[in-house]
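What follows is subunit A paired twice: with subunit B in the first complex and subunit C in the second.
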Partner chain A sequence: MKARSATSFILPSDKLNSLIHSLQQAGYQVVGPVIVDQAIIYDQIKSADDLPQGWTDEQEAGRYRLKRRQDAAYFGFNVGPNSWKKYLQLPRRQVWQAHKTADGIEIEPVNAAITPLAFLGVRSCELHAIAIQDRVFLSGEYHNEDYKQRRQSIFTVAVNCTQAAATCFCTSMNTGPAVSLPCDLEITEIINDNEHYFLLRSGSEKGQLILQQLPVTPATSAHQQQEKTAINQAEKQMSVGPRVFDSSDLQALLYRNYENPLWSDIAQRCLSCANCTMVCPTCFCSSVEDTTDLSGDHAERWEQWDSCFTADFSYIHGGSVRPDTRSRYRQWMTHKLATWHEQFNTSGCVGCGRCIAWCPVGIDITEEIVRFQESDTP
Partner chain B sequence: MIPDIFYVKRRTEEYPGTFTLHIKKKDDQPQTSFQPGQFNMLYAFGAGEVPISMSGAPHSTSVYIHTIRTVGLTTQALERLREGDQLGVRGPFGRGWPVEKTTGKTIVIIAGGLGLAPLRPLIYHLLSKNRDATDIHIFYGAKSQPEMLYSDELKNWAQQLTLQTSVDMATPGWQGNVGAVTSLLTTAKIDPENTIAFICGPEVMMRFAIQELIKKNLPRTSIYLSMERNMKCATGHCGHCQWGPTFICKDGPVFCYEEIHDWFHRTEV
Partner chain C sequence: MTGSTERRFNHPMKKMPKLAVWKFTSCDGCQLSLLDCEDELLLLAEQIDIAYFMEASSRQIDGPYDLSIVEGSITTTDEAERIQQIRQQSQILITIGACASSGGIQALRNFADVKEFTSLIYAKPEYIATLKTSSAISDHVQVDFVLQGCPINKTQLLEVLSAYLNQRKPQIPAHSVCMECKLRGNICVMVAHGTPCMGPVTHAGCGAICPAYNRGCYGCFGPKENPNSASLSHWWQTELGSDKATLLENFRNMNAAAPAFATQSLKFIEADHEKK
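Showing the complex of A and B:
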């Protein structure tokens, strides 16, 4: 856990709206967790009433259920099927439009108006996921301009996790549960027998400006001790397993085991449905679609999320380079945990557990890692 | 990244189903220079965009030349383009052949089928350097004689450098070699100390070509090859062209065999 040097403040839980309203006043559209179709997803928040207060998520391999809590916690759950990437790398967007003219053809960019967003309730693993996508889209020779503009305009309110879902394994990937990357505001929700409050701390100038407007009081060392205890609880939950493993050598492990028959075993269970790539907060692959209208004089190019689990993904004349589920699952997992290091100098996995919960057949990446480790002969 | 508008200055048919477009930027504006081995993304209005390697002379950028085989909807749309018709172009992209490493070396170029197209800018570059003809050896294999690219040029090259050709299937009048292009290599004399090899063609052909070169003790660091994968963005963002740890679009398409030999002999990567 990083040193907590910034001054902490206390915001009573019934004043949470003041934070949301201050962000709105500052020109942000606030997006955060809401319940839709019996899952906690991210969507627009008008007030604290929109938050999933008193709900938690119960997760296991291939299983996700909402459940009532015994208390009135606002952030008493972990992560759902959405990640913040849907606001930074849009699931579908128009890139350009083209027209036939008397003179030939012309192509013009489509620049969507970008609303500054405030992300309310970003988990530490999700901050890490955003940082990983930054490396994909903003490092190197070419930048993704649409991503860059959206990314630059966000405000992040990060939440320390005080509980872990059964599918969480951020401690194995060194990304949480305590907020361990910069954010604009960091909050921790504390609920005791007779009190319910948030600890707040700013992490940027933007965050400081918002914090100044809130009805806060300085936190005491007792408050900070409570925060520490609460975050430790999440760490403890994860440390008892079963999803604890040593992630230090995964790159070499998977390179050594590229031809391991275990891939065929996984392929017998995997449906190649692409769910894991859609819920993954770091998966960045996209495809483009070129269309015309009926006249044939107007064309559009759209970019949309794509997945390495589809047959089209690796298609070149003559067929798909990865023709079966075995090669596609191997690509996904080897990319996430091994080749990602060579490409972007980081793992592509943050330990959020989404791919485990949302796999329809309950394939568990941590369980598969351990199986590779057990069958490995270095 | 928005494509620039180009128009077809000249169109030639290599053989049925394979054609060459000479394209110029709209209003004849200056075009970016390129490295042999790089590629452009060509956009056919409303149909799609495909990566096509540069086939023209790198020192003359008044026109880009692309040789294209019709294999899908986008290349079909490109095939329908006639002189004066317009298309979108993004590029040039990727890492090309390491021309700076050719100085003082004997050059071995091995091309299979359409694989000659990305090698032609390199050949132009080498010929423009007034090199000793005996220093350049081209081994070119095609399905049959009618399916050889740049047939007039091949005759010219044969006067200036050492050209050996082979076909999979002899057609009437063919008096040359029959068999895989790699069979020509078995008898070739290669000085492993002073040779650099450039290969482009179907992966299976490149595998056998590399096997022959390694047998002749050519070090892995002296072998370069050009790879092909599905590409959408050409800027390393869409993920399609991943090949092991590399993105073909930005880390390739040309690779030194030394860098990728572990991945090259694995299938379904």
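Showing the complex of A and C:
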């Protein structure tokens, strides 16, 4: 766990609304966890009442269930089917529209008004996922302007994880459970027999300005010890769980195993339905569609999430380069864990476990990695 | 879409193209989708000459036609002959709906003995002149584009017509309903509720309506490209506890004869026989 240099403060749990209201007054629309259709997703938050207080998520491969907690924790769950990418790289957006004119066509960019958003409850793995998408969309020669503007306007309230879902493996990917990347505010929820409070720390000037408005008191070393114990608990849960693996040599492992028959075995189970890529917080692929109306006088260009699991994704003249599931799954996993390093100097996996839980037939990327490791002959 | 289809769409258009809409064995619901395009119908009539569309008008202009839209499946010898004539008269032929693309609900006969049940139902079964199977239009003639759905989505039909009129590729993705669920923000009913859902093997196009109302997709748009019916069925049986009736109900529906669904449903029957 990284050293915590910033001063910590205590916010009683019944004062959580002061944080939400301060963010709203600073001009942010607050988005955070809410329960919809028996799952915790990210949506607009008006007050702390909207949060899934007293609920947790039980996750396994291909299975997600909400359960009542014994306590009144606000952040006593892990991650659901949504990730913050839905606010930064929109699932679907219009890029431009065009009209026929007397001497050609006129193209008008479509610039949607961007509301500054405060993300309440960003997990460490999710901060890492956002940082990975930053590399994809904001580094190098080509930038995604829409992403850039949305990204610049966000405020992040990160939450230290004090418990891990069975599908979590952030410790194997070195992305959590303690907040290990910059954020505007960092909070830890502590519940014990007689106390329920949040430990807060600011991580930026914006965060400091919000923190100053809150009814906080300085944290003692006892509070900080409680925080450490709570985060250690999440680490411990993962260390004894089934999804621990050595991620240090995945690149070489996958390159060596390009023709391993295990890919065909996975393809027997994989539905090529694309759910894993849709829920992945780093998968960034999109397709661009041009459409016209019946008259042909008006055209539009739309961008929407795409997936390497479709035939259209690798369609070039003459057919699809990856026509079968074997080649599609291999492309996804090898890109995520190996070629991503060469392309973006980072792994594409943050260990959030979404692809495991939300695979309709429970294909578990960590289990498959271990099977490759076991059948590997270097 | 195949390369050859793209070429066929790129025909030079000098005058208004002639459209014909044909019906075979079907409920007419897909043709109705065209009439349902109320806001766009007049605009469409300005771009295309609706030369033959019996459900809309008794005006009948003879062929040949630039574009034929075909609804329904082939269930009689007359139909099998008629579709050949229509193909000969049509530069582009598009099929619409589950009947035309895979035989429809009436293809349930393909799994049974037609003689046996006509003799049980009709007083004079010898009057019934029907084929043993209900088959897709593409089993009889070359089809340039297949628009799946039971019924089809009228927005997708307009997209296909716009693409034809503007000589471009239609944006009709062949991926799973799951992608539509995720784009729409639906919670996965299989993972979060344990509800059997055909979404992972079903062709997109409806906009994931059923899962949006917390029920499983029942596959009315037919198989997606590259479907894995065996794996989905296995998960339903082993993890969701689905019984044979649930599996059959879902795979033997309006797309029962689509190969990816038919092969799977026959496996359930075979497995049943083995048990006995």
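Please note the rule applied: the second predicted complex is superposed on the first by the 378 of 378 C-alpha atoms of A that agree within 3 Å, B and C clash if a C-alpha of one lies under 4 Å from a C-alpha of the other, contacts with A are read in each partner's own complex, and residues count from 1 in each chain.
Assume a residue touches a chain if its C-beta (ideal position, glycine included) is under 8 Å from a C-beta of that chain, and two chains touch if they have at least 3 such contacts.
None of the values given here were measured: they were computed from a predicted structure.
Peer 1: Just checking: does A:Lys100 make contact with subunit B only, subunit C only, both, or neither of them? Give me first, second, both or neither.
Peer 2: So A:Lys100 only meets subunit B here.
Peer 1: Considering only touches as defined above, state whether A:Lys236 meets subunit B (first), subunit C (second), both or neither.
Peer 2: neither
Peer 1: Using the superposition on chain A described above, determine whether A:Arg65 touches subunit B (first), subunit C (second), both, or neither.
Peer 2: second
Peer 1: Is A:Gln304 touching anything from subunit B or subunit C once the two structures are fitted on A? First, second, both or neither.
Peer 2: second
Peer 1: In the superposed arrangement, which partner chain does A:Ile41 touch: subunit B (first), subunit C (second), both, or neither?
Peer 2: A:Ile41: touches subunit C, not subunit B.
Peer 1: According to the stated criteria, A:Gly296 is in contact with first (subunit B), second (subunit C), both, or neither; which is it?
Peer 2: In the superposition, A:Gly296 touches subunit B and subunit C alike.
Peer 1: Is A:Val321 in contact with subunit B, with subunit C, with both, or with neither (first, second, both, neither)?
Peer 2: Once the two structures are laid over each other on A, A:Val321 reaches subunit B alone.
Peer 1: Is A:Cys285 touching anything from subunit B or subunit C once the two structures are fitted on A? First, second, both or neither.
Peer 2: Touch partner of A:Cys285: subunit B, not subunit C.
Peer 1: After superposition on the shared chain, which partner residues are touched by A:Ser272: those of subunit B (first), subunit C (second), both, or neither?
Peer 2: second
Peer 1: Across the two complexes, find the residues of subunit A that touch subunit B and also touch subunit C.
Peer 2: Touching subunit B and subunit C on subunit A: residues 290-292, 296, 317, 323-324.
Peer 1: Residues of subunit C touching subunit A in their complex?
Peer 2: Residues 3, 40, 43-44, 46-47, 158-159, 161-163, 165-166, 168, 171, 173-176, 178-179, 182-183, 185-188, 190-194, 197, 199-201, 214, 225-228, 230-232, 234-235, 239 of subunit C touch subunit A in their complex.
Peer 1: Applying the document's contact rule, which stretches of subunit A touch subunit C when the two form their complex?
Peer 2: 36-39, 41, 62-65, 81-82, 86, 91-92, 268-275, 278-279, 289-296, 304-305, 307, 309-312, 317-318, 323-325, 357-362
Peer 1: Under the definition above, what is the set of subunit B residues touching subunit A in their complex?
Peer 2: Those in contact with subunit A are residues 1-3, 5, 7, 26, 43, 45-49, 71-72, 85-88, 228-230, 232-233, 235-240, 242, 244-245, 247, 250, 266, 268-269.
Peer 1: Could you pull out which subunit A residues touch subunit B in their complex?
Peer 2: 96, 98, 100, 104-109, 136-137, 140-142, 144, 258-259, 284-288, 290-292, 296, 299, 306, 308, 313-317, 321-324, 326-327, 330-331, 335, 338-339, 342-343
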